[in-house]
Amino acid sequence: GSSSNPTTAASSETSSTTTTAPSGDSGALPDLGGQKITIAIENAYLPFNYIDTQTNKGAGWDYSAIDEMCVRLNCTPDFVSAAWDGMIVAVSDGQYDMAADGITITPDRAKVVDFSDGYINIDQRMLVRVDESRFTSADELAANPDLRIGSQVGTTNYDTAVSLVGADRVDAFDQFGFAVQALIAGDVDAVIMDETAGQGYVGKNANDVKLMGDSLSSDQLGFIFPKGSDLVAAFNAVIAQMKADGSLASVSQKFFGDSFTITYDDIADVTYSSTTTTAAP
Amino acid sequence: MGATQHEVWNISEILPPEERDDLDPWWDRFPWWAVMLGAVIVLFGYYTFFVESYNNAWRFIKPGIKVTVVVTLWAFLFSMIIGLIAGFGRVSRNPLLRNLSRTYVEFIRGVPTLPLLFFIAFVIVPTVAPWFGLTNKNISKEWRGIAGLALVYGGYIAEVIRGGIQSVEHGQMEAGRSLGLSYGSTMRSVILPQAIRNVLPPLANDFIAMLKDSSLLSLLAINEITQLSKLYVNVSFQPRETYVVLTFTYIVMVLALSLVLHRFERWMSRDRAGAR
Amino acid sequence: MSIISMSGVHKWFSTTVHALRGIDLEVATGEVVVIIGPSGSGKSTVLRCMNMLERPTTGTVTFDGMTLTDKGVDIDHARTEMGMVFQSFNLFPHLTVGQNVMLAQRKVRGRSKDEARNMAGQQLARVGIPEKIDAYPRQLSGGQQQRVAIARSLAMEPKMMLFDEPTSALDPEMIKEVLDVMLHLVTEGMTMVVVTHEMGFARAAADRVIFMDEGMIVEQGDPDELFDSPRNDRTKDFFDKIL
Amino acid sequence: MGATQHEVWNISEILPPEERDDLDPWWDRFPWWAVMLGAVIVLFGYYTFFVESYNNAWRFIKPGIKVTVVVTLWAFLFSMIIGLIAGFGRVSRNPLLRNLSRTYVEFIRGVPTLPLLFFIAFVIVPTVAPWFGLTNKNISKEWRGIAGLALVYGGYIAEVIRGGIQSVEHGQMEAGRSLGLSYGSTMRSVILPQAIRNVLPPLANDFIAMLKDSSLLSLLAINEITQLSKLYVNVSFQPRETYVVLTFTYIVMVLALSLVLHRFERWMSRDRAGAR
Amino acid sequence: MSIISMSGVHKWFSTTVHALRGIDLEVATGEVVVIIGPSGSGKSTVLRCMNMLERPTTGTVTFDGMTLTDKGVDIDHARTEMGMVFQSFNLFPHLTVGQNVMLAQRKVRGRSKDEARNMAGQQLARVGIPEKIDAYPRQLSGGQQQRVAIARSLAMEPKMMLFDEPTSALDPEMIKEVLDVMLHLVTEGMTMVVVTHEMGFARAAADRVIFMDEGMIVEQGDPDELFDSPRNDRTKDFFDKIL
């Protein structure tokens, strides 16, 4: 937990109690002095990041949110596309200053990178074909040994799928797109992914796929930084500010659509460290 | 996957010294490289089995060896079938067969294996499956991967077969025909038995190349060793350990397969021994 | 009575090489004809047009009553009656000597294994190496290989034999052993057409020597006559160089 | 990536007819396969440019062409440098150089390209970078990918160089030495000028193979055409359209590169023309 | 006075082939020696041991006062004094005839371009093809190529010449043109060691004929004497076969 990770503990404190930024207004944010920040981004995780087919440029929640954060912190974002497979290690090795890819905060990952405070709370859901009739819940799916689940290599969704049906019935693809494609093609019968991303895929393929069932797990998403990075505190501060003034909600509104409402009250105090309870202030 | 990999390890080279001035001392001719390479392999192997973080990776990856082997064997079997058909097509006297085979071979040559695997798995298979009354769902990703590798290597093997047949001296066909044997008879009794031997070394190389290219099937989420390595890196965050183990695993597999194929080749051409 | 005759034979390779420019040639049963001429003059091509290894572009070739240049003629059958021996032996390397000699007997003549093996033994004895029947070609010297090639043709009991420089791939010591076998065939009355540079053989064995140049028959006649007093300038020139 | 791909398209083959009975009619010798392959390419091209869903994919993938080309060129440059060093090492009279080069070459041969790329990008580069005072951050994924391809192909090219030198008849070295030229002089004035020509066709094949293998860099998220295709499929869910366009793009690029290299080869050996 | 002498020369290839079994041989300045013998008897190996293309396993070779078998001797220098002509010509295919003849002159003798070209012209005239100076080797016939190879060696103004079956890769018509050039060298007094099967040349030119078999010198002497009345059985046997 945070006892082995003082930085995370300190920063989580920052976000909730504004200890290091007592005034709580924008004037109190750290000034990064125009610093260039390289941000690893996959460009393959709807709606957080993707390449806009009209402009051939990166777009999505991560771009909009980080652009706004950097305006407030006076930094210059430099988005660099990177494979999800290996992204955490690359950040841990210092290849990038940070990474944004809807990364679920987990204790294992926190051993190699520092997380920002959670900026959104996400449910993991099942994406299935629209005409799916063989099961209506994750348990029914798990009970039928013929059915398979698809997910992406190295995601918490993959871990969830494995805990649900065992590794033998899970196919881990390079990108979520492949998994959804496999779902549509019939190779797999469900894809477990974050609800936000699921919304994104449903939006693009409403004729083919739908979300099914309840939340399988509810997790915090955060940005990741190399261990000991100074940027953690700065981003925690700006996340707190944007939560407070509602600007984070409006960015989310834009990308997650009407059907998805986020209640920041739920997550305001919930950080990764709180899940281990010991470090909660 | 490299072009010249087709000259994979030739085990026998380790033994006879390269052509050199015969006054060079023994240590000059000695295959130190084999010792050095062996040392690297032993070092990697030591880490793999006796250093805990590496050994954890090994235990995670190990089940994938069977998948790699099984997928490679099936794919090689099918690519041999395809390659034989297309290879005989290439030297057939029927212009339609000849040109169809050639088109297939040249198409395969013009596209990289990875996009070709995607093309086969995501375009060809879904298009063709219904013709045989199959739905997409009947064809697992393993079979799509095998089909992909088999179609790609079928093209390469077709060229090997053609080359083997055409490398039999033209005089052999003429000698057969001059004795009154028909074209088909000469083919069967004279050309093919010789072609088979010519074909073994390049086929062995293709077999090894295919073992190596089976790593691409990780992109289709087939749980062979490369895919398992990727999965392991994502839970352990230890790329160094994982890829050292993966490299070790492949190099040992390739070496083992080379040895087996080399023996097989020697056994097939045993009555050539004692040549004058 | 002529066993083979070529008339007006022209041969083009692709559209640029005019290898034969009108060959008229008859060979009588029992006759021994030696063809000589400079490299590239078309000697091999004449021989190869006789058994249709090359199809003449125009002209006709008749053998033993069959017009080989007609479409639809059973060329495989004609070839069994016309043995051919090549410069490079062309033994089948994957078969033993015996199997080499037996293969066509069995597949074409339809002989039983015993018959074929019997015949192989006979013919190998005829060329002087009966003991090699179970050796592989690579275990033989060049001269021995060429003798096996001759035995292989003889086993089909052909009506005539074609030889294309049978000794020119051989070391000097081996040339004689092959020429001896050929001389022996001559004494047995075999009809033969031989392309060779061995003038000693030509003098000793040939009924007629044909000198070719640039795809044409320039001069022909009795060997002694031709060698000692060639009439044509090109012939003279050639002999000046090689004799 | 296939073994035999090293015999990539030989443009000149299209022209001279294969060796056949010369009474075959023209339509029997005509290279119909070229027509058929051309038809496939034209069809794919028609879809790519004139059918909207395909054209959308094309517009998305197009910017990756430059990346593919640039990455391939850099990687080829570096692999040539590595290959020349290791290739001369292979035939060197210094046993240390000879054995080091050989070890490198054999190691490369024993491991598939994809795991090797991971190994280089995630193990070798982070290990080696600090020696040159570089941090991980200084080395972008593009350069890691280029380093990976260059190291892999450096091994293959080393073998091409060695083969080129050794394929010059032994008699040439003997003739040079018999005239009193030193080993080095004979190498420079007699062997190398001939080796260069022997080496061009296999080098051209490796160049093309490298263009094809650059597709593997998609695994490192380098935005070349294969990666962009994957990204496009990810948002469009049109694998058929995307992979048809991708296949078309590669086949045209490979064809174009073959033509260019073929011309270059012809130009390099122009004084061989008019051979007897 | 002997220009080259071999004494007690043995040559092993790897540990299995004993190619030379004790060769003692002296060649006097101006002498023409012809070596004959069956294939594999070691004729080429003797020649190649003379200019150190093969190092003798034991024994010494002395040439023009230098002991070539000593370590550290300047073998490159010795070779310039000892021209060698091979069966397969070994012209440099990427260079013109003139460049072939000039290369070693410039790199080894350090002659200027003009000097070297001058010398090339002279030597090509000596072998009868001065007009081919700008042709490439592939544009020449085999006989012409071999003559260029001879000119290339002569341009170094060697003290002796070694020929290893210089005519055996040639068509019969071309053999004579090369032998003529060699006969001409003989009349000019060149010291020569020639491996050849051309008995006519041996009779006409050789001061001494050496017959080798199984890596040893079996018999030697005046050509007419040796050919007409060989004393050794193996020599007789060989002549029976090839004459």
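Descriptive notes on the structure:
Each chain carries a letter (A, B, C, D and E) given by its place in the written order, and its residues are counted from 1.
Throughout what follows, a residue touches a chain if its C-beta (ideal position, glycine included) is under 8 Å from a C-beta of that chain, and two chains touch if they have at least 3 such contacts.
As the structure is a computational prediction, the values presented were derived from the model and not from experiment.
When you average the Cα atoms of each chain and compare centres, the chain farthest from subunit D turns out to be C. Seen from the C-alpha centroid of subunit B, the farthest chain centroid is that of E.
Distance from the subunit B centre to the subunit E centre is 49 Å, each centre being the mean of its Cα atoms.
Once the centre of each chain is set as its mean CA position, subunit B and subunit D turn out to be 19 Å apart.
Subunit A and subunit D have Cα centroids separated by 40 Å. Those residues of subunit D in touch with two or more other chains are numbered 122, 126, 219, 239.
Across the assembly, subunit A contributes 85-86, 89, 174, 178, 181 as residues in contact with two or more other chains.
For subunit E, no residue reaches two or more other chains under the stated contact definition.
Against subunit B, in their complex, subunit D makes its touches with residues 1-9, 19, 27-28, 31-33, 36-37, 40, 95, 98-103, 106-116, 118-119, 122-123, 126-127, 152-153, 155-157, 159-160, 170, 202, 205-206, 208-216, 218-219, 226, 229, 239-240, 243-244, 246-247, 250-251, 254-255. Looking at the complex, you find that subunit C touches subunit B at residues 51, 53, 76-77, 79-80, 82-84, 86, 88, 90-94, 103-104, 107-108, 136, 138-140, 149, 152-153, 156. Of all residues in subunit D, those touching subunit A in their complex are 56, 59-60, 63, 122, 126, 135-137, 139-141, 219-221, 223, 228, 230-237, 239. Those residues of subunit B that touch subunit C in the shared complex are 169, 171-172, 174-182, 185, 189-190, 193-194, 197, 271-272, 274-276.
Residues 38, 42-44, 46, 50-51, 53, 56, 80-83, 85-86, 89, 93-96, 174-178, 180-181, 184, 204-205, 208 of subunit A are the ones that touch subunit D when the two sit in their complex.
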